[in-house]
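Sending over a structure as structure tokens; questions will come in a sec.
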Amino acid sequence: MEKAIYYEDYELGSVRETMGRTITETDIVIHAGQVGDFFPHHMDAEWCKTTPFGQRIAHGTLTFSIAVGMTANLINPVAFSYGYDKIRFIKPVAIGDTIHVKVTLAEKRDHPKKTDMGFVIEKLEVFNQRDEIVLVTSHVMLCQKKNKKEQ
Amino acid sequence: MEKAIYYEDYELGSVRETMGRTITETDIVIHAGQVGDFFPHHMDAEWCKTTPFGQRIAHGTLTFSIAVGMTANLINPVAFSYGYDKIRFIKPVAIGDTIHVKVTLAEKRDHPKKTDMGFVIEKLEVFNQRDEIVLVTSHVMLCQKKNKKEQ
Amino acid sequence: MEKAIYYEDYELGSVRETMGRTITETDIVIHAGQVGDFFPHHMDAEWCKTTPFGQRIAHGTLTFSIAVGMTANLINPVAFSYGYDKIRFIKPVAIGDTIHVKVTLAEKRDHPKKTDMGFVIEKLEVFNQRDEIVLVTSHVMLCQKKNKKEQ
Amino acid sequence: MEKAIYYEDYELGSVRETMGRTITETDIVIHAGQVGDFFPHHMDAEWCKTTPFGQRIAHGTLTFSIAVGMTANLINPVAFSYGYDKIRFIKPVAIGDTIHVKVTLAEKRDHPKKTDMGFVIEKLEVFNQRDEIVLVTSHVMLCQKKNKKEQ
Amino acid sequence: MEKAIYYEDYELGSVRETMGRTITETDIVIHAGQVGDFFPHHMDAEWCKTTPFGQRIAHGTLTFSIAVGMTANLINPVAFSYGYDKIRFIKPVAIGDTIHVKVTLAEKRDHPKKTDMGFVIEKLEVFNQRDEIVLVTSHVMLCQKKNKKEQ
Amino acid sequence: MEKAIYYEDYELGSVRETMGRTITETDIVIHAGQVGDFFPHHMDAEWCKTTPFGQRIAHGTLTFSIAVGMTANLINPVAFSYGYDKIRFIKPVAIGDTIHVKVTLAEKRDHPKKTDMGFVIEKLEVFNQRDEIVLVTSHVMLCQKKNKKEQ
């Protein structure tokens, strides 16, 4: 769905939550193949038995990418994705874990130069099925302001 | 390959460059399918003709994940990936663009509490075939120190 | 998104349209691999040059499955998918064609036995970028009625 | 294999059965990624535990597409696929279920206008490993007649 | 299809040819991801421009695997695949090349110890659309003999 | 990594071992889809229960391709892959088996005509997690000689 949401429309502190998704062995194998990372942490079940976690874990880039994808529910033609800050891998994600994402509108700030634009920062918290946080990051969007003169 | 590289072994300012990889339509279709983001920016060639860029672009998470995967050449048993800072999407990546990554050892700092550990930050710069930077980020690793007393 | 829509809520004649999606060579290769149909119509560019259409075409099941997937935007807990009627392959879909789906609420009828249920039929028309219909079908949903007595 | 089978050659009531195929978690994840349907019925093992069926189920379009693919064993240059009638989802297909298809030549009828063509309808019944029917549909083929005058 | 073909049934010199299949960029990307070989010969279009061939080529294991798969049309319960001899990569396979396989029953020989078994060797020749041989190999099958005494 | 290794540099009897990799159901499903081999040995868990091995096995071409990919750690610009000899399928590989490859420099011989070239043969032995050999083959490389006169 496409809908214009301007800088002023984003409400500080507002929260939305995504549906859940189970991270499968298939996801890990496809991601390894897409990014070319076949480290034993992800691909070698025998080797993993010798680690503290005891089993294969999802690539950090996999959990991050799926979590970001899960939050993409709306095309906003007056905003674009500027980047991500502080991705932190809090806990490993195992095969069979089910994750969902809580998105909090955490911050708004004017663009230092462009008076008709502002940064909107969404905090993403990725939880597993035990409500443990496994990954956090902040999505930085650059948005148009509705009423340029008032800025 | 597995090789122990301790905090002290990382040399500030050292640089390595990866091989190149062409981002294909296949990569975008598989990534859309993996993360569930079928936005027209990535999937609708007709719609993209109406945008300034004029063609489909890679998901930011795709360029990021492939770039990170391209730098993963060594298993270091005395370090682990702590996270990524400041992912910035500088330029769009089109189908057929060939990217490579320049990795610079940018920073080292002690862990504030664990005296036997330190943070090592690699700066990743992703270039396309015209030597334009398309994405930057910083990889934060947490590494063991070799000689704990000397720290 | 999850939202309960009862039999009575569906409005005859209402129309929605999906975003577009370009059918790629990748989609055809992945679908062939998923369903095991490697007929030359889909996989052999040389052979296809000898046919009237002159090029590889998407599997009928591919166009159907993607079109159905494109219409799935809402989880309705009081309805479920009963089946599809009259899939008709009107025109071939070539690599690079961009399709979108027009969904029309075409029919409602009581369930012959279950007085608290009714059938809701959505007509799906799949168009290519030249606004030619390439596939039609009817989606049959079985929905709960809101007010059972009034039925 | 390519072999011309004319309208007259199809024998009413003839039956063929396909080999079996186990529907895997991989099939579901790849199909979700191909068609863009990440509904929790297919992707969220935790959510599925709260449903009557208790586990993830295959997309209807997945079972249909694989079943159709399993029956495609012969290229008939004098026939083409016209469409499918009455797809009905009889029972859910779970991860690990093994399906096979029974194909019965169910009906033949003249084309209303083209005297040199006729419709041949194959009934497809998809069974699981407990010999329960999980999906039925009818494949409508349009076939050339061998001896046009005799028709 | 399953059919018992005994050692004696294989006719020396008999030939069969497969349908064709176009090797796509998708095939190469998926194969790289499956086997973990991201060498620039297959993945870096810019680097390939500097090579004599000038473009990306299929992995040898990809052409071999697809060719072998194309010949697998019959399940023979009284034979099994013993191995392959002398795979030779004669010419590179480029994206867009269409290959087919000619299978010649090249040799039969008794098993040195098991009197009820014999080796049957099929020669596989893989051609591109210009009828150039790109790969050859010999498939070694171990087959049961029909009439053990007569051997 | 790219590094020139000449014919003379290869040391007879030298050995290297790869990391391990668990062969997953996903690998088998993707390989079946890539090569078009949906034989019940790989795809039908119920049918496999009736066989001596009792479960689905990896395609021979899958184990071979992954094993070869696992050994590809270095781009040698003065050598190229000439082919493979004597692939032998020693034991079946089941879903969940973890394989690794031992590579032994087994043989060197002059090219019969080109005095500046020689053949270098690596023996590949693929082991499972019980240290059983499951597949062997010999990789034939054609390498440039460093000092052409001395040969």
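For clarity, chains are labelled A, B, C, D, E and F in written order, and residue numbers in each chain start from 1.
To be clear about the criterion, a contact is a pair of C-beta atoms (placed from the backbone, for glycine too) under 8 Å apart; a residue touches a chain by one contact, two chains touch by 3 or more.
Please read these numbers as outputs of a predicted model, since none were measured by experiment.
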Of E-F and C-F, the pair joined by more C-beta contact pairs is E-F
Give the label of the chain whose average Cα location is farthest from that of chain B. D
Type of chain B:chain C copy interface by residue overlap (half), same or different: different
How big is the gap, in whole Å, between where the Cα atoms of chain A centre and where those of chain E centre? 44
Which integer distance in Å separates the CA centroid of chain B from that of chain E? 39
Per the C-alpha centroid definition, the whole-Å distance linking chain A and chain C comes out as 30
I need the residues of chain F touching at least two other chains; which ones are they? 19, 21, 25-27, 30, 34, 36, 38, 40
Would you tell me which residues of chain D are touching chain F in their complex? 19-22, 24-27, 30, 96, 98, 129
Chain F residues touching chain E - in the complex, by the definition given at the top: 21, 27, 30-31, 34-37, 39-40, 59-62, 64-66, 68-70, 72, 75, 81-89
Residue numbers on chain B that touch chain D, as the complex places them: 30, 32-34, 36, 38
For the complex, give me every residue of chain D touching chain A. 25-26, 29-30, 38, 40, 43-47, 56
